[in-house]
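By letter and in written order, the chains are A, B, C and D; residue numbering begins at 1 in each of them.
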Amino acid sequence: MILEIHDVSKNFGGLQALSDVSLSVPEGEILGLIGPNGAGKTTLFNVINGVYPPTNGRVFFQSKEVTAKKPYHLAKMGLARTHQIVQPLEELTVRENVMVGACFGKEDHGLGSARELAEEVLDFVGLGERKDQMAASLNVAQKKRLELARALAARPTLLLLDEVLAGLNPSEISAMIETVAEIREQGITIIMIEHVMHAVMNVSERVVVLDYGRLISEGTPEEVSHDPKVIEAYLGDPKLAEEIASGGQQGGGL
Amino acid sequence: MFDILIPSLVDGLLLGFVYGIAAMGLSLIWGVMNVINLAHGPIIALGMFGIYLAFTILGLNPYLALVLVAFAGLVLGILIYYVAVNRVIDAPHLSSLLATFSVNMIIIGIGTAIFTVSPYNVDFTLGAVDIGPIRLLWTRVAAALAAVIVTGLLYLFLFRTRTGKNIRAVANNRTAAELMGIPSSRVLALSFGIGTMLAAIAGGLIATFFPFTILAGGGYELRSFVIVVLGGLGNPLGALVGGLILGSLEGIIPVFMQTSWVPVIEFVLFVFIILVRPSGLLGSRV
Amino acid sequence: MKKLLWKLFIVLALTSIIITACAQTPTQTEAPAEEPIEEPMEEGEQAEEMEEAEVPAGEDMTATTLTLGYTASLTGRLNVSSGRQDNGLQLYIQDLQDAGGFEVGNEVVTFEPLFYDDESTNERVQELYTRLATEDNADFLISPYSSGLTGAAAVIAEQYGKVMITTGAASDSTYKLGYTGVYQAYTPASRYLAGAVDHLKALDPDLTQVAFVHENDQFSTDVVTAAKDYAESLGYEVVLFEGYDSETTDFGPFINKIEAAAPQALLGGGHFQDGSTFARQLYEKGVDLAYVALLVAPPEPDFAELGEAAFGIVGPSQWEPLAEFTPESAAEAGLEWFGPTGDEFVERYVAAYDEEPSYHSAGGYVAGLILQKAIMDAGSYDPEAVKDALDAMDILTFYGRIKFDTSAESHGLQIGHSMIYIQWQRPSGELEKEVVWPPEGATAETIYPLP
Amino acid sequence: MKILRKPGFWLPIMLVLLLGLWPVMTDNAANREVVNSILVSVALASSLNILLGYTGYVSFGHIVFFGFGAYTGFYLMSEQGWPIYAAMIMAGLVPAVLAYLLGSAILRLRGAYFALATIGINEAARAFVKNFDPLGGSVGMQLNFQIYNDYGGAAQALWLTYYLLLGVTIVILIVSYLVRFSKFGLGLMAIRENEDAAEVMGVVAPSAKTRAYVISAFFPGIVGLLFFFKNATILPGDAFRLHLSIETIVMVMLGGAGTVLGPVLGGAGYQRLRGTLLVTPLFRNVQLVVAGVLLLTIILFIPAGVVGWLRYHVRGLRRVLE
């Protein structure tokens, strides 16, 4: 198992964003993580990579306990992620953005080799032409690819993808799905949060469903999509879900 | 011991009200738009000179002149907002810090050209009254009273008027307020104006009992920072309480050690609170 | 489009600034900034009064103008006293120019002032004296007002080998740093309040408790440290000894402490602005003291603006218009007399500035006088020769006796001059200064204890 | 050396060197004093840039290090009789250690809170030194004039101070360049742009920030010692002047934060402007107004500063101006 999560809970003030979530991910798998808005998916990512310490429970990465370790510890161990809301380093060039990933990721590259690696990865995600632009000048789809390139340049063993497809048009979506599949072929384990259902169902080997911070279903795409609990969850009040989600993400603050 | 403690405390508290008003302006601006107004000190100084000019040239009663100074402060603040702050309201902190600091430089520069850096004095006295061992100067009492009145009016305005409610809405969540049709830049400008108005009033009150120079605002600005952090950034009522705390500290500390240790204690406390409890002793926001 | 033009303009402006910054152009050709001197005198009456001033019209005489460089605190917290000092010095230079200068060998020398406003800050003093010593290349330097600023200026004078006459700078410490070309016109700080302690002892032998509250700067610290030691040696108990910041405007905490410590006498203060505020707040708070002596502020005529708060306050003074040093007293003491008499000085000063001179004014005037005398004695304006002349100087002027310490450890310290003490009284209803100490110069009885 | 072929490396250094050699060539003390004050500004601005420009932390407390270093060195020279070279090293090290200790506490704070804390530290430091008698308290310390004799007399000592300052300034520029174009520097810039994202990518932000803080604190102390050695007097009010911190920020912003050349141009431009207006009675006060308007214009319209703006708008200059 590359990642094991035992009974993880996370509270924000009075709000229970995650309750007793347990999960194991074997090496090489593509795991889909779905659920209505505010189900706690991004919070789970944040707990896994150390942005938030869990209130309860433990997290193991590559069989080492990483509960409440800082994000940079996990990054050095080989965990990389993209953000649902893109976070480019705006005043740096596209290449420099990716070099940050290479320099400070698992392989700890020097500037020279990081530069080569960055160009390689940028070509791979299709941003090769734009490497000298400022990251701020990219459009949303390009910024998503930049997020991906940064994560890949870290040479991770586990990659957390947070809605890389959101906001893309159909042709961009299929291009991105292809890219994800290629990444998978490099032997990188992937957990992806996704709302574009057909994509998740096509790419994932296994799917996990969160609702109100609880893991309510787990199995092959086929099994999950027929689980009555899942269907019920998606029929739930979307507005309420949104409130929880926004509540969950504001905790950082100043 | 008591003979000195009580008068020192009273002196400190009376000043504390005025400090509170100055800090309230800073706090309001921070609370509404997350801007630290580094032009606060010079505006306090302008308030002092406003009273000076009104008193010596127009021969106005200082408290009457205070109304004029307040109005001028409001207008000046709105002007400053549109010229210097509006454009950088969403930029990183450094931008608004430096934008307001450049306003500081401009005011000090012009002020120095007009008034030089020499001390001025409003030769005004209301006499004193003896209560037991304590001698109260009426100018100090009047300043404290004025501070309380201004605070009361500010709260009536913020909680009882539509504009005031708009200000609070913008402070709470600017994006949401804009979606609800509140003209945010006008509200921000008004808030900035009220913030500087409070600074000008505080300066005006101080001018009735202490001599001052165009640079004198600096010390009160620094005190305002301390107070704002004591009372919670963005919490105007907290600023008044913070002012009273600081005032009493300034009164009482000298009883126990050399007066020159006061700023050391003040600023160490300040840094300590930022580190340990950045929301302030009373928590932020109203 | 408009935005673009804006940007273009800004960039142009910035580049020009940078170019001026990097372009290595010292603008030495510019005439030094000269503040307009207030016209000091009516024509006619003064020229002959300057000693040694008759300029022979011989053709073999060449005219030489030496620049006296200095800064004055025309603005800032020291403005009042420094302004007086500047007035005094300007008056001296004007007198000299009107008299046509003085003879040195076959040259007729006059002085010309070159000065800037230092805004009462150390930083500007350092920058400006550096400029005076290098770019402006002033021939001789006069100190700014106050010990703190003079301390900063003296180093620079010494670094560039310029002779500096200090005035308005009493601190002893400046003269204990190994300088060789800095000469003090004022009675040193260590002797400022010693007389007040003697005065107090004479007034009331039973009084035992005194308090010292002083400005935290070089001058006032030097003064009160010496005075405290002296008071203690006379058996006084010092119940409060505390310093305040130069910028202090709220003396409340100090006044509360004074009331709690309940001394009968208060000595201290600092400079004019803080001293006046202190006196005012002491009065407002109705502090019960029998004797109050403050530094610097009381002898200034402006102190009277405090009204009732000024009444009874004692202050040490370097010179008062009432003090009588005359050519006759010089002859009696076997000293050489130099310069105008006190009456002449007061008369000209009042004519020029329409105000009473204070000791700061006299100090400014006498600084120029000392330098002139030294150059005349040296017969040259070579700095080394002038230094020798200053070392040897022992003269009496309207301001008093001038003689410098020539020992290595405190070279340049004034050892000839002494202090007098004034008190604000109401001899005829109006507030007026009266000399109350030492007894031989006193013009009135001391009002003691204070009401 | 590959680095020597980079115009971005040698351009700032050549500029400073040319400027620095001008008084030497003309053998003119007046020129030296003009350049001396420019060098102080450039050195302060460039060292602050490492924290402000590269790391994005707005410190109003840069002058704390200037003051503490100066006091340390001054104390060692005047009370302990140390030679200036040894005192310089301590004047750098003591503030660096202080920055390390302070940094671990206050670098956790973000944005305005960090800025406020640094203001507090500056004020606390000044007030403390005013009360601290071993360092002379509120009347400060003075050097005995004889100390200049150890360096060949006052005139020689002033030249020596000047050369040392020039050397230190050039070292700062080299360090600034090396940091800017290193992996460490890349990490700092990632922190500047988005600290959370940088941490997720593996940048160990706390230690990187602390290191940047320490590096930027090492130099101002040395500059401070040289500055006050020249003036032979040190006072708390002069050593911990909040206004100087702010002016230094202005210089960095003027030239372009985050670039190597920017603080050089900003420092030189600001100081020259100041020096020119300083002695012009009519414009003495306008100095502040001019500087204020200039700063405001920069903030509002070209927040990247001169160098940043040129880099952005003139493509050809990108390789030259770093």
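Here is the rule we go by: contacts are C-beta pairs under 8 Å (C-beta built on N, C-alpha and C of every residue); 3 or more make two chains touch, one makes a residue touch a chain.
Note that the coordinates shown come from a computational prediction; the quantities given were computed from them, not determined experimentally.
**Q** Based on which chains touch which, give the shortest step count from chain C to chain D.
**A** 1
**Q** Please flag the chain sitting at the greatest distance from chain A, going by CA centroids.
**A** C
**Q** As a quick test, compute the distance in whole Å between the mean CA positions of chain A and chain D.
**A** Distance between chain centres: 42 Å.
**Q** Report the inter-chain centroid distance for chain A and chain C in whole angstrom, where each centroid is the mean of the CA atoms.
**A** The mean C-alpha positions of chain A and chain C differ by 75 Å.
**Q** In whole angstrom, what separates the CA-based centres of chain B and chain C?
**A** Roughly 38 Å separates the two chain centres.
**Q** So, what's the distance in Å between the C-alpha centres of chain B and chain A?
**A** 47
**Q** Hey, what residues on chain C touch two or more of the other chains?
**A** Those would be 216, 243, 245.
**Q** Touching two or more other chains, which residues of chain B qualify?
**A** 112, 258, 260, 262, 278, in rising order.
**Q** For chain A, which residues are shared contacts with two or more other chains?
**A** 254
**Q** Judged by the touch rule stated earlier, which pairs of chains are there in contact?
**A** A-D, B-C, B-D, C-D
**Q** Help me check something: in the complex, which residues belonging to chain B touch chain D?
**A** Answer in residue numbers: 30, 34, 36, 83-84, 87-88, 91-95, 97-99, 101-106, 108-110, 112-113, 222, 225-226, 229, 258, 260-264, 266-268, 270-271, 274-275, 278.
**Q** Could you list, by residue number, the parts of chain C that touch chain D in their complex?
**A** Per the stated touch rule, the residues are 6-7, 10-11, 13-15, 17-18, 20-22, 24, 26-28, 33, 35, 116-117, 122-124, 126-128, 130-131, 133-135, 137, 148, 151-152, 155-156, 158-161, 173, 177-179, 216-218, 221, 243, 245.
**Q** Please output the residues of chain B touching chain C within their complex, sorted ascending.
**A** 3-4, 7-8, 11, 15, 112, 116-119, 121, 125, 128, 130, 135, 137, 210-213, 216, 219, 250-251, 254-255, 258-260, 262
**Q** Show which residues of chain A lie in contact with chain D when the two form their complex.
**A** Touch list, chain A to chain D: 49, 51, 70-72, 75-76, 80-81, 83, 87-92, 96, 99-101, 103-106, 110-111, 114, 150, 154, 252, 254.
**Q** Considering only the defined contacts, which chain C positions touch chain B in the complex?
**A** Against chain B, chain C makes touches at 74-77, 79, 119-120, 216, 242-245, 247, 249-250, 252-254, 256-257, 259-260, 273, 277, 284-286.
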